[in-house]
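Chain naming follows the written order as A, B, C, D, E and F, and within any one chain the residues start at number 1.
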């Protein structure tokens, strides 16, 4: 169950209205790497973790709930950056002579010009945040990934936090408002903190590479295909040993010829340091281990979520 | 700020796995009228209400938070309905002889057949809920409406609760599991309760018709265009008086001729009971009233959200 | 069958080109609350109503057809607001010396600058309307709701008309063109008229609350969960009687404690004024009544739509 | 202005319910090549044509209106194919003993199984058509193309009619219902008729190749890049003369070498039969002609759509 | 298998940065008629053609591969038009006194103002291209059509090339950069070349009208419904003979009356020049021919793609 | 420039048709973690890397090109799994007596039943792959992330490869076809190989934490908010030292109280091991370093992409 307190987690303030920056900031409200995406990603991942990995469930729900709280901070900031729009739109009977005097023709044109910054703040939301990104695209759960495997999900989260961090870094360069900068710095810092939490959690899973259960096939795991020709570069990603499996990279400098010669990779495999039998054994053992872990954790018969 | 407790608001239970019903139930997890839509709709509407209508802000955040809690109940139920899928997928090294014996060829085909019910439970989410509807469409904020005017937003919410209610009613007919039925009845009932809360709130706004500030133009407000020909019907929607403005409906039985004769509705207007001058006056007064209401509520200078 | 006459329902005119306002106006052409959404929503709802509720079918098709006619008015207005763009784009061989003279470098930059208002008017549609909203999002049927129950659909329509009305109200504040204002006022007024038609139709359905067939469960129907803490407010939505069912609201001020104490709402229910047996009886009776209404209306055997 | 008569353009009938085929048929209701797409594509294209090409405007609006009428036919057929679903869902109080007897457990399971064919017919639309394709994807205006140039738009329409035709051809193979087959054959035939209307209209535009105003550059217009290696084929698309410009195709059998040798196509151009100066002249003349055509057709000053 | 060389097919250059034109140019990078759409459309169509029509497979893959190469040219041009943005964003610690001096307050505001042109270049992509159109809509495969019939697919491609051509024509008018104009002219010309290649290929298919296998029904194939009333026009699309089937057009000037009189087109058909028996025969023959063509081309048993 | 050879990188074969598995496999053709997403993600990221990090550009383009080659393998496999569908659909004139005999009524129903597996294979694509996921959702570039910072992009890629790997692992459990299993194992293994390439590349960037330029703020970087109550867990993610910055985690067990006491985190900060001045200095240095790296790499004046 969720619960809400009206105080924000961070004391967000705004010096003066700025509809242009409000538009940019939408990226973190309803954008692909924004707070809603983060909140719903961790929340959705948590369901599969609940019974088998209650420690990771706790972590995911702690951070999901913080992200919902950040979503609120971002929304509140956008609302404050739009101060005035909401009221102006209520002042709708602008044909009246009095209003004409108050607003003036020039200011009217300024008002209209302003609207082009983000039309929907002015003709749709009535001066409030919209669940879209800074280009006006509606938020979609296509942004969310939850794959039922913690060694995958935690890596997705580390990457998600990286992207959220860089977006705050970019946003910081587009405002001069010291209050807004304080808020952005708080939010950016929390992404760095979450990154480390997910990394620490990933490190407690043994083994965590490759993600999932099945090992990679030694016939294809150490090959580097040089498929982009001209100015080819050698580096630790195609010479020396691969960082996780420790196999020696095999650099295939002419992939077209190689594929033809090996009849589509079905012949002429070179040995790597991993023994196919060992790989097969590992597949079976890990498979069994993970399956029994789950079987043990799942109660027989009727299922219940809470512990009343 | 949000807060989470691990107990569900309702003690959701499931008698036995049922991937088919889990698929149907996705409609209320990530569908157009589901819990996520409700939660995010009220949450988004709340921002514009915060300072001018703190009572409605409280109402919107109370219900938004309950809808997040319902989203959790629905997700937990889907997870429990998928019991077994998660574990089976971890048992990945199925080439092993032992596994072959355990699963058998027949059960393998059953497993594959099952997967067609909702492919993504089996090849993507690893046996957990996905933020999509029962047809697999990703959730989109295109479902959410927040228009910065409570007389509009509350009506949107009454309609949203109506739709959520009927979807639960339909879902109740597709499961025999008594526990799941209990949960669906709880959730369906809450939609009915929320409906009434929003209606009670709407009634405290005076006037609340027409929604917004501007009155309708008496030149066009009482006309009924009979644009679908054959078996025409007369009813209180095109004869007698209109329910809110009390104008007598004018039934235009031959709209094409009418439009030609009135040069596109620019000539030959009949009088209604509303005086155009009164309408104009009302526009100005309401406009002024709403504008000043907001101006008064908004603090000068720097804006701050919380009350520390 | 549909039929078209080349005259518009309203004599839309435009004083001078204004690509910026054309962009804003797209919100009512291809936006979430625009004319296309309205037209297709009522049209889609009409299919299920056709045989059982021919009076509502007539109403829905009358208004759907009017909304298609409004869509045409909005599109025509956008086209007129873009006057000049279409021609300029055909004048494509601008390297010619003559053209250079006519347009000049300055005007060229003005032309390019203009294009940023809505790039797709200039590089895609060739100066005509696009089926998108004012932010350029393509129209999607995710905006449309049709749920096969008139007590739901009519409420969806009342809300839809409310939103369409407020968008016209907002748009009216962003143009000074008297002709365009006339058109917007006509269109805004028609939304108010439709609102009342749908409301009158809803009132002829008895009972119409709760929407659909099934009653709400008295165990949960009168509870108000105070889930947003700080500055809590009491109002007719959480004290006194609920507006439709007339049950006394039960205010749960500490929902976390309440849920724990009632083991997830499964114990300790307080009585409301509605008798569970009466509720059960009503479910059965209404269910039977609606089912037979439909059975009677549907011809046996082969189905045919028209009455030739 | 649109107008509607309750008779269908074609007397659509259905022998017996078939939810599976109703699902397939959605492809032509709310799918990428369906009737809604066709109707809205021609309708949207018509706006730019209205004043400069009133003959093509008439053609586009005639066919657009027919496509709306076809949309209605398809929707009516889906509704008839779903006969029974609507009523069953209203029979909601299935706990009653009587209902238990009537439906039986077996039929209940059949009912649930049925629902998996298209979940949203059963848990969302209440047994009516939905504006989506046969996979449940919501209709999007991303399907619609309108580019403000008739030599482009008419070709888009010829292609659109081709796709609609083949989808009806595929659908005809998935039903045995003779009435439904009659309807599909009528609709398929109309696509073939429309195809020819658009082609006839295209042929009245002189010149119509290349589409638009600007000519292609003789430096690059006759080159064929053999970019997919292995089993290369020569045919009239890369040897002999190009069908519209009559230039001799230049077959570049080794594109990588060619690009390197010509420094990215900036050097070593071979002559084609078209003279660059003639091309330039044609650009200017056509540009001027089209521009003046439009200028002449557009009234000065205020714009008005109808001819009252 | 694909292969990449680092040289571009065309030597794209840019004279100076221009974020506004970079935004417009996105239309051809990630837009509905852009290079990605073209590449993926031909690539997807190619799969079904591979075994039955290896000559068309070669054509489709040659052009698909060229379109991928054009996508690269467009992306490179956008990247060069954004020169400076990428670096500026890395200069993130703008609080430093030195940076304050270098940038200055004025330039900062210019920077922010610039960002409104396309927010996501500045707060998301870090100054690189995004896979979206000029309005920021993400690319969707809803743009791609592949219908498993070459007489349909090739017509879709002719239309697609027409649209791509006109978009380049429009874009050419929004930049003054001679290098960028050269690139656009190259790309525009290639669309004209591809158009002719697809047309030449279509002409090798016999018969190719109507697209697909089934003939149109002579009962409905020559009728023109005059459904848009007022200023009706007669032209080769509704008088004389239809261009492909050579039937005499039947102009139905009052469609409502016609439909009523023919009981929804089920009675009173006039003869056309095509004999229904001949049509039936043609259906069977063509059906058989196409089926056997495929059967012969498909190897029995196991399927393999490559020819090792 | 791209280049294509008709041989596949891997010799994909299929034992017998299986439309159900073809549907599941779509997840890797047009799904969120599929080959198209991978190819376009690395391709898009490469543009910003080209001039400043040519080594990473080479890596990104090598792998992007391989992913395009994998997309082809997956599409070819789907096509082979659908063998027969394409031909059957051409056999369209099924009314003929001969066809009736050949197909039979029973097989016809089997054919129709089959179609429900994935309607669009049968009524839209004509038996070829569609650019959608296994639920039929069209591919969208919302799946692609490219943020103009290699320390971010490479982490996105590591996560993307993890997700692609697990999807292949899940898919392997839904087919018994040994050829298809071979292909899936090859593709799964390549994801593991790419994962390590991206990781090796990330490790060559110094520093790479936090991603981007700006450091996190020591006031908020070590706090863990215990926002999900009940069964709280302590682990390396909230006790001991954070894995990257080495700060001691501060566990805030009652976040509501903490926020109130610190006035929204603006007061009472505890010191961490990082000195704010050092952080500030690092921000400036890194900012300057990265900016100059880019400035140096970017040629003055005109920009050109290729090295002719």
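Convention: contacts are C-beta pairs under 8 Å (C-beta built on N, C-alpha and C of every residue); 3 or more make two chains touch, one makes a residue touch a chain.
Bear in mind that the values here come from a model prediction, so they are computed numbers and not experimental data.
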| item | value |
| --- | --- |
| Copy pair chain C, chain E: interface residue numbering same or different (half cut) | different |
| Gap in Å, rounded to a whole number, between the CA centres of chain C and chain A | 32 |
| Chain centre separation (chain A, chain F; CA means) in Å | 12 |
| Distance between chain centroids, defined by C-alpha means - chain B, chain E (Å) | 36 |
| Residues within chain B bordering two or more other chains | 1-9, 11-12, 32-33, 61-62, 64-65, 69, 88-89, 92, 94, 124, 126, 132, 135-138, 140, 142, 147-149, 166-167, 169, 172, 212-214, 227-228, 230-231, 255-256, 259-260, 263-264, 266, 306-308 |
| Inter-chain touch pairs (all) | A-B, A-C, A-E, A-F, B-C, B-D, B-F, C-D, C-E, D-E, D-F, E-F |
| Chain F to chain A touching residues, read off their complex | 5, 7-12, 32-33, 54-55, 58-59, 61-62, 64-66, 69, 137, 140, 142-143, 145, 147-149, 151-152, 155-156, 158-160, 162-163, 165-167, 169, 172, 185-186, 188-190, 192-193, 195-201, 203-204, 210-214, 216-217, 219-228, 230-233, 235-238, 242-245, 255-256, 259-260, 263-266, 307 |
| Touch list for chain D against partner chain C, complex | 1-9, 11-16, 30, 36, 40, 43-45, 47-48, 50, 52, 61-62, 64-65, 68-69, 72, 75-76, 78-80, 83-84, 86-94, 96, 98-99, 124-132, 138-142, 144, 146-149, 179, 212-214, 280, 283-284, 286-288, 290-291, 293-295, 298, 302-308 |
| Contact footprint of chain F on chain B as seen in their complex | 1-7, 88-89, 92, 94, 105, 108, 111-113, 115-116, 118-120, 122-124, 126, 132, 135-138, 306, 308 |
| Of all residues in chain D, those that touch chain F in their complex | 20-21, 23-24, 27, 31-33, 117, 133-137, 166-167, 169-176, 227-231, 255-256, 259-260, 263-264, 266 |
